[in-house]
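Since the structure comes first, as structure tokens, the remarks are kept for the end.
Read from first to last, the chains carry the letters A, B, C and D; within each, the first residue is number 1.
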Amino acid sequence: MARVVVDVMLKPEILDPQGQAVQRALPRLGFDGISDVRQGKRFELEVDGPVDDAALARIHELAETFLANTVIENFTVKVEEAAELAAGAEK
Amino acid sequence: MARVVVDVMLKPEILDPQGQAVQRALPRLGFDGISDVRQGKRFELEVDGPVDDAALARIHELAETFLANTVIENFTVKVEEAAELAAGAEK
Amino acid sequence: MSLDTVENASKTPDVELPWAELGLKKDEYERVVEILGRRPTGAELAMYSVMWSEHCSYKSSKVHLRQFGEKAPQSDAMLVGIGENAGVVDVGQGYAVTFKVESHNHPSYVEPYQGAATGVGGIVRDIIAMGARPVAVVDPLRFGAADHPDTKRVLPGVVAGIGGYGNCLGLPNIGGEVVFDACYQGNPLVNAGAIGVMRHEDIHLAKASGAGNKVIMYGARTGGDGIGGASILASETFDDAKPSKRPAVQVGDPFQEKLLIECTLEAFAEKLVVGIQDLGAAGISCATSELASNGSGGMRVELDDVPLRDSTLSPEEILMSESQERMCAVVEPSKVDRFLEICEKWDVIATVIGEVTDGDRLEIFWHGEKIVDVDPRTVAHDGPVYERPYARPAWQDALQADDANKLPRPASSDELKQQVLALVGSPNQASKKWITQQYDHFVQGNTVLAQPEDSGMIRIDEETGLGVAIATDGNGRFAKLDPYTGAQLALAEAYRNVATTGAKPLAVSDCLNFGSPEDPAVMWQFAEAIRGLADGCLQLGTPVTGGNVSLYNQTGEAAIHPTPVVAVLGVIDDVARRTPVAFQEEGQLLYLLGDTREEFGGSAWSQVVHDHLGGLPPKVDLERERLLGEILISASRDGMIDAAHDLSDGGLVQAVVESALLGGKGARLVVPDGLDAFTFLFSESAGRAVVAVPRSEELRFNDMCGARGLPVTRIGVVDGSGPEARVDVQGEFALSLDELRAAHEGTLPGIFG
Amino acid sequence: MTARIGVVTFPGSLDDRDTQRAIRLAGAEPVALWHKDKDLKQVDAVVLPGGFSYGDYLRAGAISRFSPVMETVIDQAQAGLPVLGICNGFQVLTEAHLLPGGMLGNDHLHFICRDQKLRVENADTAWTSDYEAGQEIHIPLKNMDGRYVADEYTLDKLEAEGRVVFRYLDFNPNGSLRDIAGITNEAGNVVGLMPHPEHAVEPLIGSGRTDGLPFFTSILKKLVAAS
């Protein structure tokens, strides 16, 4: 079983008030040096079977038609490697 | 300027209604072979200056105290490499 | 560890079980052993520990709560009383109404959004479990100081959670409270109430009867959230030093709950359900033991059949899980298929997990082995009962002696004016619109009155206009000064709020929020408050139909103010006769009903101007409240008044300013003979309301009050609209509505926006 | 002869019964439609009601848009069937690309419920003929994801073709671009808006105004005239 990650972010020209709210809060929390924050969605899909080109193509289509609304959002599809899985483990 | 990505996901034992709703819709859309979907948040932070250990430690703290509620969520912090930035560019 | 079966437990009496970790006291554990005649299995221990927690067993409060039954007034309206998921009241025309208030205080401090959201979810399931369609929610809330940084974390999350869940369920939010006080800093109070409506014949109860009937679990899958027993942890002092004690928080799924509502109501409509119980605190432990012990026989449950979200859960965890959005129904075998079909229609997972048996045991199996074999009554009803020691605290006398009536009063008209502005703009008296506009008031298309009216009102029959009203009130400052009177003042205010809108008060629910019962001073406050409320309900003829106790609202030694929150439900024959708060027409006469005395103990004025809490709270006269209520109801029915507003915190000036701002119309006020301007404006004497009377009704209205012996004083006239409108206290000062609006409506957005 | 107007119930629809009531009060016959049914029961028009279908999970309207009933609605809308999307219904219509643009979370990040002032910009659609162009009305608004966005080209096109049907007045409650509260398709048979006309049909209830009733009388007149 493998994990495929689809990240969906608002298109850059679209206002992201959530990201802005985070950014505005930073100075209050004592954080500076962060010039922009954007907030998007992350989908982790557990795929049965091999993640070959065909499977990725299908997930790409899924992202395009369903997980993202391409009128307002961009997306990326990535296979999460086992190594990364371990590295990115809960902190 | 560099980009640091904070991914925030509900802890595995916590119900993820959004992910479930997505997963349940998949068969209707003609997608099978995906055994689980979890939906989380992705924050893209544009950091001024170098992303050294000190900067990462501060972002880690930011994630822990503000971007995630660690009662119910886990998070990961990653520096996005230029290469990745290019590869993952808008599709 | 290998499976701890009943057989195994009998054979290994000496195995040590973690009873202390699960919150049981030594004597309680010994009692379990005595009941069973052997040591409990791990699963049995899990059940007893959650069910005997303070939160589920009411072990500290039970001996006092009995008064609500013992002193219950004779009332024909009561169809189902205390003890069921929620009380049920007859409102006429064949309709019955169920309502209840519950607390979700501790989880809301830890995770404000989800804590508050699941609080709404829980109370709504109680309503569905009675057979009713939920029609509205209310949310009495209390937070620490408005300008404290942590309040900025807690309040927006709580409000978003209540809105997020209730809005998504399609329930109009029609009332509540928002109170700020430093005493709630580490212990915010998130109470949530719901109302449901059904026909008399649709009332359902939580009982499993009829051997062979099937027990069906439906709704969300059971997961690992809330394990560790949020209910156990809500039963202990909240102590920052021990993060491990922080209750696990669950994530709510309002969408799933909406499906639960629809599919449950469809099953009720087809008469498929013999008994029903929601799964809240203590999860399956609670649902199975309560269903079984309220029924005639026993129950056998196959725990393997419970749909799980996480296949690694142990049977103990499954029994204790507090996953949200689950229900349990008892259904005759011939109707099971149809029941499952309806669930399927609504995409709700449903599984038969057991059946009602002839015996009187609750038996639970796991992998074919018996892991629970108990008399369900011992789990559900025979929990420990404590007679906790209580004593009037040593500081009470000094507190009461610190008389607020002696505080320096404004020395000039200008100072009076400044204090009025400060009052209407103070966080507690300011407009709560920033909060309430995050709630849907309109959904279901039956909302007659919602915030900021004195009570929320819902039409329940489109043909006849029959409606119900609800108000929730509490005043922890009054209760701190005198818990007996404080509880009665809360009751009186909610009663008055309902009557002010034209509805007849019928019944009461409450949510009693207090500190640690292990502190005799807190226990005294609790005992006094209950005594006051029970006496008050007897006198007003409004029975308590149910409620909730939340103890351990305390951080270290510091307990919250004793905070009994009272909800009063009323009925109105025709909602077209309702009376709104807003001034309607210029030229109408303003009358003050009731007596005004120098009563400033615990008042908003003493808090805002002097940051003072001391003295005695206002006197209560419940006969007067009843009379005032009758006058307000008659006046509304007979069209004698066009607007009315009850007087409570902030006194007359607060009420007049609110009515003026809402109606966009000014008022000219004359200080009546025998009163000074300060007392006239700021006194918080109970039993009062201000009404706007059309000139054509003046005689009739005065005659009615005179004939019934209610003091009535003409205090002015509705006057002015548009940019010129002012609240003008003649001979003292005038403030434009614009100025007042800026002060009243600017405060919360200024802090939280 | 009266008209039959369908109201779709998705899982999580909330204002479906209220919309049926509004249709009834206007004098037409409401017909309940179910999301799993492709059959539109030969209704003369369809309303997609407000609510949180599928909890608004993923994106508001994104999951409902793929329901069986929507297959038929999309086909027939393209063939001219009058369709009105209110709030969540509007979101479904944009997700289904029957209307251009998309809906995002309110710019202030809160749910908002208020009596909203609007101007009717286009009184020629199937659903607005009983208003007058330029008329100012008050309709309750309640939403979390009410921010209408589209690219500049699309916005300009909508304006140029008179397809902005309603605009927020005095106060933009959600950050919608160009204060847009509602739009229509090229043919004028499909209309979507965020505010809730079905909650402004009785003098006693809700906001206490009846400014929403003309939606339902407009369509009724049109359908009766056509038959």
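Everything that follows uses one rule, which is that contacts are C-beta pairs under 8 Å (C-beta built on N, C-alpha and C of every residue); 3 or more make two chains touch, one makes a residue touch a chain.
Keep in mind it's a predicted model, so treat the numbers as computed, not measured.
Looking at B-D alongside A-D, one finds more C-beta pairs in contact between the chains of A-D.
With centres defined as mean CA coordinates, subunit B is found 6 Å away from subunit A.
Centre-to-centre spacing of subunit C and subunit D amounts to 36 Å, using the average Cα coordinate of each chain. Note: centroid distance subunit A to subunit D, computed from Cα atoms, is 31 Å. With touch defined as above, residues shared between interfaces to two or more other chains in subunit C number as follows: 253, 255-256, 347. Shared interface positions of subunit B, i.e. residues touching 2 or more other chains, are given as 17, 21-22, 25, 29, 39.
Each of the following residues of subunit D touches two or more other chains: 54-55, 57-58, 66.
Listed by label, the pairs of touching chains are A-B, A-D, B-C, B-D, C-D.
Partner subunit B is touched in their complex by these residues of subunit D: 54-55, 57-58, 63, 66-67. Residues of subunit C touching subunit B in their complex: 110-111, 114, 220, 223-225, 246, 248-253, 255-256, 309-310, 323-324, 347. Of all residues in subunit B, those touching subunit D in their complex are 17-18, 21-22, 25, 28-29, 39.
Remark: subunit D residues 58-59, 62, 66, 94-95, 100-102, 104-109, 149-151, 175 touch subunit A in the complex.
For subunit B in complex with subunit A, the touching residues are 1, 7, 9, 11, 19, 22, 25-26, 29, 31, 33-49, 55, 58, 60, 62, 65-67, 74-78, 88-91.
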